[in-house]
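Two complexes, one shared chain (subunit A), two partners (subunit B, subunit C).
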Partner chain A sequence: MKQTPDIKPIATALLVAPAAILMFGVFILPFLFLVVLSFWSQAPGSVGMTPSFTLANYARIIGDSYYLGGLWTTLWLSGLVTLLCLVLALPLARWIVLHAKRSKGLLIGLCILPLVCGALLPTLGLVNLLSPLGFINGALKSMGLIKTSLPLLGNIAGVSIGLVQAFLPLMILPLISTIERIPHDYEKAAMSLGATRLVVWRRVLLPLMLPGIVAGSLLVFCASLTAFVTPQILGQGKVVTFASLAYQQAAMVLDWPFASALGMVMLLFLALAGLVGALVSRGLGRRT
Partner chain B sequence: MTSRFGKAMLLAAVLAILLFLLAPILVLILSAFDSGNVFRFPPKGLSLRWFETAFNHAEYRSSLWISTVLGLLSTAIAVGLASLAAFGLVRGKPSYRLAMEVLLLAPLTLPLVVWAIALLSIYAQLGINGTLLGLILAHVTITMPFAARIMIATFDEIDPNLEAAAKSLGASPWQVVRRITLPLALPGLLSSTAIAFLVSFNDVVVTTLIAGAGWITFPVRTFSRLRTEGIDPTTIAIGAMIVAFTILVIVLGQRLFQLSRRL
Partner chain C sequence: MKRIACYAALTAVSLFPCLPAFAQDYSGRTLVVGTWGGDIERLLREHVAGPLEAKTGAKVEFLLGGSGDRMSKMVAERNNPTMDVTFQNIYEAPAALKEGLVVAPDAALVPTAADVWAGMNDGCYAMSLVGLGIAYSKALFPEAPEWADLWKAEFKGKMAYAPYPSSEGDGMLAVAARIAGVNEHDPDAAFAKLAELGAPVLSYSSLDEVFTLMDAGEIAAAPMISGYVLSNLGNYEGIGFVFPKDPGPVLVRDMVCQVANSPEPELAQMFIDLALSVETQTAYAKELNFGPTNSKVELTEEEAARVINTPEEVKSLLQLDWSYVIEQRSDWTDRWNKQILGQ
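Here is the complex of A and B:
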């Protein structure tokens, strides 16, 4: 059935145009410019960029173990954060859908709180939570469980905790919307046919939740891969992530062509992650 | 028996996960009342002195003011443009609806830090680096997807027959918009305004790259302080107030117009 529009095509175009033009000009065009810029060069110590075609920026990334090391750390850290978010978000999202009745909306509202508070404010709280004198170490010491403070800041542990906390909502929201679409009867039907809890999860629930799992994982992976505020503060300069390297080049060294090349490398890995996500979804679509 | 035990375990796990999610925000609020220069747990004493310093601190006051002005202007523009576009897409049903939705929601999926690096060099070429115009353009862009998503969901839920009925009863197009469409879209408009303002007000990722020296927002000032001098308790007090305000907006929004329904 073809739906008939309620307003004229020309009016539609006029209504949509301002937002579309703005988003294309201010958001999409810079990405295209980034591609060009990553091949430009800049003489050391100057801020003037030279339009040219050089692969020097990319060669510098590939040839330097500092950048490659940062990339490697960032990749496995993002993988770890994605996995932890999935493990924490699954029971919470399922519980909110199945058991939270009247408080559901409020719970979802609380879940998006870290998202709308920005990257900075929760991180401030995390510093006081994780520092040697902070909440966790203080509580453990006063209970007599530890004598010396656990190192939770300035290492991978602190950065992972911060990233999981910051990006958990990105996993919870897509999971809630997929779980909401699974009919309750499916689980009961499988159980009544003699399936154990484990089998129900493996053969019925997880496959049905997979679109949400893939979407959430992609969002969390991409957000972790490009995060720099949380890693810089909780890592206290000791954990070098790729996005913080790019940030330093763009905001402090002011070598924009090189920063653009670092950005391009991030985009490449995001595209790869997206491809893997698409393949997983498609592979599953064929099987069911 | 085992099922009841299992349920209790599940509930405990869910509460623990929720606590983990909200712990940093709770600790931020708690530590604002700590009387020491450095937060330590258990606290030595409670005081309001950091709130007092916060209100007397000219530098923070001006950056809070900048954040507020920037947030209000960007939110007004983003919600306005997003509402027009969402109304056009939902009522006009153009063949390019999906493509436009992807374009309007793009900042949710593409990395903002990479975009900000490119924007910084474009702004430098255009000579609008560190200007209010540059900041507003950037903030409208990062708040647009939130506003657009909520407004598209809002107009999708409004029955077009109500507008058609008003029109057939002799209402002018302007009367239809003012008396039928706008009142029905009000919860969505308020939701998108609240979310867009919070996102703009609290943004640090994009703003810290393009803010320049003239328009330092509160998050940007705090972030640069944090990297050079560590935590300033005054920041904690202001942060706690911002977080409390954010929680208030979300809870009130949920109560009054079911904010989370259209997210």
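Here is the complex of A and C:
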């Protein structure tokens, strides 16, 4: 009996090849170049590079309190934005799942809007809202609540508002997906056994929502860690983040090796965040 | 007679290389020009790209963005450039030539370059002359300020700066150095003096952003480059602009460069030739208040008052050692971040 050759692996390889080649060419290769570049140095007084191995760029980051400060600001700003997004998204996502009937699609669409309209336009809109002569300060002054403008730009407050506005959808969507899978009966059962609303949230809902919380937090944290446009515009040069430092070094100082090292440090923290997320998810998986 | 005809023919042949190459058909070819967006792009389309396309059949494509992005592009594409012409700041042009990224200015290749004021084509071809002066709030400065007035105690922490590194930042450091009795070669004194002005209200990303606050008196002053500021002042009654005298305003030049080993060198030279022409330079002066570098441009008295357009005026300006300044870029950026922004 004649055997037909198994063409499945070949067909799979052929189907995967275009995407794999594209990924290798436009992502893996440039990434490897970035890694190598971070160990080179900028030639003194020149825009050229010296292609010999050095740890000077990393030593500069570790040894300079300004860059360590920038790293620390970026990390805690990302943590703060993640926390704010979580606090805002939890009730909103639950309300959409439980109470928004016909308008659910519309509400989810509105939540996604900041993601699809890019970072620049909403950020410039926020400048008009938050500036000393903007809508918020103007309204507060006209109501007699303040006399001098509140500083809402050029500080952590302004940048946080911008980042929360930009990345809230990244928290809401995984939460909606998780909450939808929680049977409403669990909550009723807990309450029938005498649990207060707080206890229901603490011991029933939050543990069941944890996969969504972990996924959303990871997404928001990583997006905030690498955000450039919003901190650059709303920070007005006074909120130093790693992304803005990397841009300054790459595009304005043209010190690509140092900018690459800054990028590598940022990637290291992204990887660490991913690792923590994976460990927590694995722990949750074992528990369930 | 035959000999005369022969001489005439020889003369015509020998002169041929000097004739503008417009007669040649460049249909199907594309010239890529990197420049700033907005009014500059519009003027270049009207006065340079349009005529060049009509005469050669080539297409002119603009890449819009900041000059730092274009420097990065030239470095990245050093061995295989895709951009033919690039507009750079004065502080970048000598460095670009030193790195072999651009072709040295040559009047044999770009005939109009011979009409540019002597000594201006430093690294690339000088496109326009502007000066770093002071944009100020009229509410806070009833009279136009001198540089030293910015150091009065009541204005501490009320300045705005362009993001650093920039011509504005380097120029302001040079001014601070002179106020401290030294020059830009003494960065310790320059940074210490500039730090006395306090941290800025903001590092602005657009003129509207800073003008709105300055118009309302929230920002006292900002070191700014004349051209754009003068073009925008009409929209803000509460803002003035002055070229101080002690020291004089810092001379800043926009440069137009032919990218080395670019795909379309002939078209690039023709583009630059048109950019330096009397017509384009006059439009720059009239519409943007950018001083012409072409010595044959004639302006009315009113137009001339708003731009830097004579060698005498240029002599009165503060000229920096840009080659030195550019070598300090990395160090000074760190110092700016820490000592000026991070106070």
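Just so it is clear, the second predicted complex is superposed on the first by the 266 of 288 C-alpha atoms of A that agree within 3 Å, B and C clash if a C-alpha of one lies under 4 Å from a C-alpha of the other, contacts with A are read in each partner's own complex, and residues count from 1 in each chain.
In this text, contacts are C-beta pairs under 8 Å (C-beta built on N, C-alpha and C of every residue); 3 or more make two chains touch, one makes a residue touch a chain.
Bear in mind that the values here come from a model prediction, so they are computed numbers and not experimental data.
Aligning the shared subunit A places subunit B and subunit C in steric conflict. Contact with subunit C, but none with subunit B, is seen for A:Val240 once the two complexes are overlaid on the shared chain. Residue contacts after overlaying the shared chain place A:Pro51 against neither subunit B nor subunit C. When subunit B and subunit C are set side by side, the one touching more residues of subunit A is B. Once the two complexes are laid over each other on the shared chain, residue contacts for A:Gly263 go to subunit B alone; subunit C is not touched.
Shared-chain residue A:Gly283: touches no atom of subunit B or subunit C. By the touch criterion defined above, A:Val127 lies against subunit B and subunit C together after alignment on the C-alpha atoms of chain A.
In the superposition on chain A, contact of A:Tyr66 is made with subunit C only, not with subunit B. Contacts of A:Ala251 after superposition: both subunit B and subunit C are touched. Of the two partner chains placed by the overlay, subunit B and subunit C both lie in contact with A:Gln232. By the touch criterion defined above, A:Val26 lies against subunit B but remains apart from subunit C after alignment on the C-alpha atoms of chain A.
Shared contact residues on subunit A (touching subunit B in one structure, subunit C in the other): 127, 131, 133, 232-233, 250-251, 256.
Partner subunit C is touched in their complex by these residues of subunit A: 42, 44-48, 64, 66, 127, 131-133, 149, 153-154, 232-233, 236-238, 240, 248-256, 258. Of all the residues in subunit B, the ones that touch subunit A in their complex are 10-11, 13-14, 17-18, 20-31, 38-42, 81-82, 84-85, 87-89, 91-94, 100, 103-104, 106-107, 109-122, 124, 137-138, 140-141, 144, 148, 160, 163-164, 195, 198-199, 201-205, 208-209, 219, 222-223, 226-227, 231, 235-236, 239, 242-243, 246-247, 250-251, 253-254, 258-261, 263. Here subunit A touches subunit B in the complex through residues 3-9, 11-16, 18-20, 22-24, 26-31, 33-34, 37, 49, 88-89, 91-92, 95, 105-114, 116-129, 131, 133-139, 142, 165, 168-169, 173, 219, 222, 225-226, 228-229, 232-233, 243, 246-247, 250-251, 256, 259-260, 263, 266-267, 270, going by the rule given at the top. On the subunit C side of its complex with subunit A, the touching residues are 66, 68-69, 71-72, 75, 95, 98-99, 161, 163-166, 199-205, 209, 212-213, 216, 218, 326-327, 329-330, 333-334, 337-338, 341-342.
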